[in-house]
């Protein structure tokens, strides 16, 4: 099994609903350093899982739809807690839509919210 | 599949038994930077795998029982080589006991002993 | 010359005024991983620049006054662009007030806004 | 399940064939920071997956056969694109040959080509 | 004193002349993760040392003139050992030329050639 | 001004004297990830501050005299608190003795005791 990972980031504002979140119920924000990992059983004829430049561009485009925004105001995310876990899924699902069916068969997206906490969502492609 | 990881550290002294360990048979020590990863098939109603604050507190409490100690003198670890692998299991098992049954279904604990070596233990919850 | 550095973080929302900021004029947010470096010409009788635990507590307390907030609404920061540079100075100045005069003679605070950008402010103590 | 990882690096020149590679079709180079992860269901009598010193030596020897070379001129790699994915497999396969059959049952090799891109190859041992 | 740092990278091939370089006299390569630090005594009216986006663009443009190349064949670098130190100076000097005179008064460029070695060049602006 | 840095590590046991150290008065240990930075106004004829291989060997030899030991029992360190700051000075001074007078004119040694704390000592050469 092979995989390729590319890293980028986004900077967003949001707030959470639920007592479990404590002070994070207030409007605050985060830099998410985002790793997108593409998995594939065998390499293609060029010897790659996916072109790193193309993977990086796709990730950058997906993050471009979220960064520098207050996620509390984003229609597509309304009524949801945009936790690190939820955002990992949002990024992975949008990335899956942005890429053609052929090639990688699995995708994992990790969002680092700080140097001491991160979350991952994995799905097939 | 989702996961959430929190990071903390501990600073311990110990020595190893067995020729394979070479100079590490002498009393020495280590800082272990510890990552605890909680896995779960689906998010809960709040949109999380586990509350990051609660996970961090649980990890900190477990490491509090090991840090600033000479592990050669710890009753619970007597007669064992407290290698990075063994300590990853000790931390994971204590963390599993400290958390209620509901929620995450898997746990992985990684101990980084330096910038060039680390070990992981994975178990169900 | 000696120095000691401790690391912590904060997660805030804010927006910027000025065309130079482009999309960052919108309400967004950041995780700042914060390094506070204390400088001193010679060590004290215990062999330290400053107690690492005390330095970490002081930094945590200062960041506690900023984290999980929308800085656009903070009275003490009203009318200012809370850029990474400005916040490095705010953290350094509050840290300087929180610590007694004796001991370290210099302080540098670095705020990492992502894996590819950070800012530092240095001042005497 | 346990694992142990050791890290080392190599510095090579190479070029790629295929339009997908764009400017990387020119002769260029890379530092690969290489992580080799050894997996094993249970620890041995010493409490380890594999001796970290021995694992590090084996990795260093394998990388010694690649580093400070132009891979375009290496007989064993002729006619292949030495992409990060391909090199991860080359390192893993050579490492598997260099280690005796007993012990770890799985191996993963990750090559970091920069702070924003890396690739992994996993195989049984 | 304030500073702002931005990070990018380049991937090059080269060889060195001189016995001190041992196997690095052969054609090989490197990924350089490059940090450019801009220093300034006081912030401008926007509260910044330099716009991070503009600094990142300038660094990316300078690295674009070096990456994916064999530096042994670059006219501007002919007859020089393109060591990490020398390249730090080349990047800093080109960056200084690319930026207008107003603003930052100092510049430091660090090139990380691996996880265990890096070099820095500092100059006034 | 130029500088070159090399990184290595050591793993030691020790205990501290003085109430300020709290639980660190007990026998415990640390991994110190050690960065040695050599400074020099101008490069030599080969285009370097110091040969990175030679700098790495010198650092490794100095750390070899400290690693895998209980520093409380080391004659050369008797009666001193081997804090991170003190050990940074010990490493720097031993490194200065190990290197000939010609070449670099300044040295800084940083010891990282965890992912959230480190100390530096700087001296002329």
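Residue numbering begins at 1 within each chain, and the chains themselves are lettered A, B, C, D, E and F in the order written.
Basically, a contact is a pair of C-beta atoms (placed from the backbone, for glycine too) under 8 Å apart; a residue touches a chain by one contact, two chains touch by 3 or more.
These numbers were taken from a predicted model, which means no experiment stands behind them.
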If I list every residue number at the interface of subunit A and subunit D, are over half of them used by both copies, so same, or under half, so different? different
By CA centroid distance, what chain is farthest from subunit A? F
Just the number, please: Cα centre separation of subunit D and subunit E in whole Å. 28
What is the distance in Å between the mean C-alpha positions of subunit B and subunit E? 40
Multi-chain contacts only, two chains or more: what residues does subunit D have there? 7, 113, 115-116
Sites on subunit D touched by subunit B in the complex: 1-8, 43, 46-49, 51-54, 56
Contacting residues of subunit E [partner subunit D, same complex]: 7, 9, 11-14, 23-24, 26-33, 67-70, 113-116
Which residues of subunit A touch subunit B in their complex? 16, 18, 20-22, 80-86, 88-89, 113, 115-122
